[in-house]
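Think of it as A, B, C, D, E and F in the order they're written, each chain with its own count starting at 1.
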Amino acid sequence: MSSYLGVSGIVKRKIERADPQVVARLSRLGVASIHEAMGRKGLMKPFMRPIYAGAYACGTAVTVFMHPGDNWMLHVAAEQIQPGDVVVATCSADCLDGFFGDLLATSFRARGARGLVIEGGVRDIRDLTQMQFPVFSKAISAKGTIKATVGSVNIPVICAGTLVNAGDVIIGDDDGVVVVPAGEALATAEAAEKRVANETQKREKLAAGTLGLDLYQMREPLAKAGLKYVD
Amino acid sequence: MSSYLGVSGIVKRKIERADPQVVARLSRLGVASIHEAMGRKGLMKPFMRPIYAGAYACGTAVTVFMHPGDNWMLHVAAEQIQPGDVVVATCSADCLDGFFGDLLATSFRARGARGLVIEGGVRDIRDLTQMQFPVFSKAISAKGTIKATVGSVNIPVICAGTLVNAGDVIIGDDDGVVVVPAGEALATAEAAEKRVANETQKREKLAAGTLGLDLYQMREPLAKAGLKYVD
Amino acid sequence: MSSYLGVSGIVKRKIERADPQVVARLSRLGVASIHEAMGRKGLMKPFMRPIYAGAYACGTAVTVFMHPGDNWMLHVAAEQIQPGDVVVATCSADCLDGFFGDLLATSFRARGARGLVIEGGVRDIRDLTQMQFPVFSKAISAKGTIKATVGSVNIPVICAGTLVNAGDVIIGDDDGVVVVPAGEALATAEAAEKRVANETQKREKLAAGTLGLDLYQMREPLAKAGLKYVD
Amino acid sequence: MSSYLGVSGIVKRKIERADPQVVARLSRLGVASIHEAMGRKGLMKPFMRPIYAGAYACGTAVTVFMHPGDNWMLHVAAEQIQPGDVVVATCSADCLDGFFGDLLATSFRARGARGLVIEGGVRDIRDLTQMQFPVFSKAISAKGTIKATVGSVNIPVICAGTLVNAGDVIIGDDDGVVVVPAGEALATAEAAEKRVANETQKREKLAAGTLGLDLYQMREPLAKAGLKYVD
Amino acid sequence: MSSYLGVSGIVKRKIERADPQVVARLSRLGVASIHEAMGRKGLMKPFMRPIYAGAYACGTAVTVFMHPGDNWMLHVAAEQIQPGDVVVATCSADCLDGFFGDLLATSFRARGARGLVIEGGVRDIRDLTQMQFPVFSKAISAKGTIKATVGSVNIPVICAGTLVNAGDVIIGDDDGVVVVPAGEALATAEAAEKRVANETQKREKLAAGTLGLDLYQMREPLAKAGLKYVD
Amino acid sequence: MSSYLGVSGIVKRKIERADPQVVARLSRLGVASIHEAMGRKGLMKPFMRPIYAGAYACGTAVTVFMHPGDNWMLHVAAEQIQPGDVVVATCSADCLDGFFGDLLATSFRARGARGLVIEGGVRDIRDLTQMQFPVFSKAISAKGTIKATVGSVNIPVICAGTLVNAGDVIIGDDDGVVVVPAGEALATAEAAEKRVANETQKREKLAAGTLGLDLYQMREPLAKAGLKYVD
């Protein structure tokens, strides 16, 4: 399906979403842990930021491909949203316009959407914050958009440097946004859960004053790598 | 008066401010709605951000033209402030220094200022936040400035990509900053009020599950534009 | 000692920290005041921002020199931390990876660290905020790092455009981060205290409506500099 | 006419162009000299760069206001071009798409245009360079644009931080782009010519080893300003 | 194969390269024309620039996935190069280090490489220019890299916002870099050739003074869209 | 002397310059080689670029500390230039103004200067290119500056992320700018010369088709690091 990448004029209605039970497991984990558990991949670029502190979203991707200054496809995407989805929108060229605001958020929420990830701008920040509708975006801008050019929905998109296929799991928190391919969701959840459990023990030891140098047995490799202590 | 643009050494004392009653009407509306009501113009660039979440300012512009690293003209501007004004400051070249802090804010407030919009940096963020003195700026910087070169006050300025004449209405909220020329303030307030009223109805329908595709009758134009649904 | 600048493979164990009593005096002052009191120097670039509003740190520098994508030296630095220290980390090349998270913060706090200043990225923002562990960074990123290349600890480093020697006083607040060389700490504290006392009087006069033009006797120099008032 | 700023849907056919003889005089001077002669104003932001080294343009402005990703108005503008014009194009929001290429350049040249200044992107760089068609732009991008939304032609525009009225003189060289309002063109040409003549003498003295300190009699003001020489 | 995206530790030796005869046809066309012929997709972000004016490369992709500050995989990739390939390198996080210089260029050329596209930095610019080895990069930096962490070769990569599979056709010129999926190469070549032929006729008419308004029959749609001519 | 860092009002007349014979040896080597020979340190940030392709400078540093929008200290610095010096100028805050143009270049050359490195902007690019006066800068801008505030000359400065002491060796070429502390100049020249000699042999082998994998014996460490070859 990657041959649709960047193609305009397509709405794919049937997509395979990741298993909701696995999504639920991933929703208990943070972006950093999931990214590590996948072998340090899947992260969007760090310019993607939550519009309010503490914003959190986890769900299956409905993807949107738009053109600069034109948010028509977000309206088309609304119809494809199923409860538990996170909309992931990107643009054929860099554009910081305010593609999304409180009306679309109202509509998305009515359809069951859990949030929006957009490589572009959004507006109505006060309303979105009051609604606690989580959005992760590249910018905030009051600039309005038009509805003139068709893009696509549920084709593969590149968003903030990462490939997203419809149905992939999207997790966003204060640290950024990570994409877990649907086929890797279960293995990732398992690996991340182990990692988190493991970290709890480490945290206790570090809190008690144990040094990472000893906990992770770094002293010998550091010496081999040439580190010298001087007074 | 646009011939003064970029000229140093002028303080214009008599300016025509927008009608306070119209300013009051605009103050009940958001930046995005006002920008739309004006035909999608008047917005400053999206790098202009409030220094604290929820900052809001609406008033008539006292304009300031400064030079890099020099905030002398902000002191000159203080005397020209009348209750209900918002100071709009810009610089002859990009400079992120902290041109403004809590002492100037104290002085501005004593004169009746409702806020500051500055294409530059500000400091004393904790104090300004405690004072709830709204500032929209390009940067935050503790860097101090000097008082050595004269600029101008109440001449037309370009601030963050937008022309501002003294007396224009300036509205800033979490979405950014918009400039309404004094002569367009009444028409803009009326158009924006209609727009907001209209949005309330739309919001209810969207919240009830009606799709924008149907509410805005987009299905036919989308098909004409070539959008295809596939499974 | 500046000959170590940029050298890898060194951990300096004995450093001369600024006098704790002077550090305590500086901790009652803000970054902007201290920067002014030093003659407007010592500030890091304004892209260094606190990870949560109100973050504050003041302490003596333990410096860390790292390489892109590699946080090994932060573990090495933990052992060198003494109560009252602030870790200052920089990288041999621009890199926004998440070098630091809640485990390292737990370890740093157990050693008595008062905060972190890093020209790079950090992650686990929610945890760090809950811990109220103050961090001033260039970016937030969930991107993990490796432990493969040695850098140095407690050598002089350039962080965000400023030279930092181990033992210098580091103060970070909402306005940014300032570095006070250990040898200038006492004089700076005294000058800043005077400045702050002086500002209190000024603030009262400005709040009462006195103009800065009169308070600072600017009218004559402005006229000499060619400022003209027109109607 | 500034009330048209940012308005879409207008083509103004009759504009008052600066006197061609004055334009000819300005064309013998550089951007830096003209900017100085106007009192250090009128410069576009330094991100506006020539697409090839040595590009030079001087002429009267035909202004274009476009929307992101849409170059329709450049075609509309072509008809308004008269020999000796320079087209100045800007966009309602930041957009780096390639709005202009060799076909439009061919058309513009056939109409007598002397160049293009655009706060956006351009493409066909090799062809434009071979044609020696001078372009000053914010970016180079092969990204194509559409023709769907009307903007305006010959209304006032803000381009790269500067107000441009149709008919103003636009000069672009390796140092950047400057705008001379039509009404200030003669005075500016005269002042700039004097400045250049004056610089020739200075250059000779400096080349012979005279120091600026002596040529500009700076030693006394430097001492007054507190400069101290140490060994 | 997209499941390998972002995975480290893999070198895929057998890849399907686009047909050399089709590559040859594409090599006679420019980046802008090819991008248009594909339906305006496939372009890398405009920050990818040639290191010297006139640089041109066209060939089949050997992809490289590296880590910040580490160019080990470029050496691994050299062995996978076949005559006619263009190496496309990207990094797990933004990094502007100089990953590539004249020694690697010598090795790549000896293997038959036609150029390099890298979302990162390169060095030895003078030598690469003398060799006329075309490189398209995000930055120029003398900063050296290490060889410590494995990445991958010939897995799918995201480079400058575009998905690249090994064997895809890569074309870079002064306008930027475009990626043509191997399976779309023939259709793209045909469409682009038609487009270029078509443009030749248009160019002649435009050069003779015909307006685009008439050539493209824009007057009626412009009027319908509301464009008004005023004097 | 590092206590002068960031202090205004000082001109240090007597500085210890690196040995001219060592400077001559370094002048035969490139920036990348010298940076590597010093252990990968001393590089300025990669935003420092030559104003024309092929610009090259090598000499001993005369340092200048300026304030935003003010180039007074460049005139003061001219008197301190001795034949063979390269002026290194920086500013107390980020500023892209055109601090330097052809008149100052004429004066600097008359004093024997070999070039300028400036974390700021310069103008008169056409003249400087014709003069072949090498400049490495952060920006090009026609914006003029004033002469109102004293900075310092020959104090230590931070330029583009690197500490520069007066008398250090500065080398700039197409790859960027590197700083060699005077006391490390001889050792660096020797190490860099060896490195260059060594590279000549490597280049011949690589040109003959030997792979870096074999030349540098990388196959075993790659396998140990987990690299796997698949078909």
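Basically, contacts are C-beta pairs under 8 Å (C-beta built on N, C-alpha and C of every residue); 3 or more make two chains touch, one makes a residue touch a chain.
The shown structure was predicted, so the numbers you read here are calculated from the model rather than taken from an experiment.
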Fill in: Labels of chains that are neighbours to chain A and to chain D
B, E
Worksheet, complete the sentence: Chains adjacent to chain B and to chain D under the stated definition are A, F
Response to the item:
dist(centroid_CA(chain C), centroid_CA(chain E)) in Å evaluates to 42
Fill in: Centre-of-Cα separation between chain E and chain A, whole angstrom
27
Worksheet entry | Cα-centroid distance, chain D relative to chain E, in whole angstrom | 32
Worksheet item: What are the residues of chain D that contact at least two other chains?
Response: 40, 92, 94, 96, 141, 143, 149
Practice prompt. Kindly provide every pair of chains that touch.
Written response: A-B, A-C, A-D, A-E, B-C, B-D, B-F, C-E, C-F, D-E, D-F, E-F
Practice prompt. Enumerate the contact residues on chain F facing chain E in the complex.
Written response: 30-32, 35-36, 40, 43, 46, 49, 53-54, 173-176, 178, 199, 202-203, 206-213, 216, 218, 222, 225-231
Worksheet item: So in the complex, which bits of chain E are touching chain C?
Response: 67-70, 92-97, 141, 143, 146, 148-149
Worksheet entry | chain A - residues contacting chain B, complex | 9-14, 52, 72, 75-76, 78-79, 96, 98, 101-104, 106-107, 109-111, 121, 123-126, 129, 139-144, 147, 149-150
Fill in: Residue ranges of chain D touching chain B (in the complex, touch as defined)
2-3, 5-8, 38-42, 45, 92, 94, 156, 158, 161-163, 165, 181, 183-184
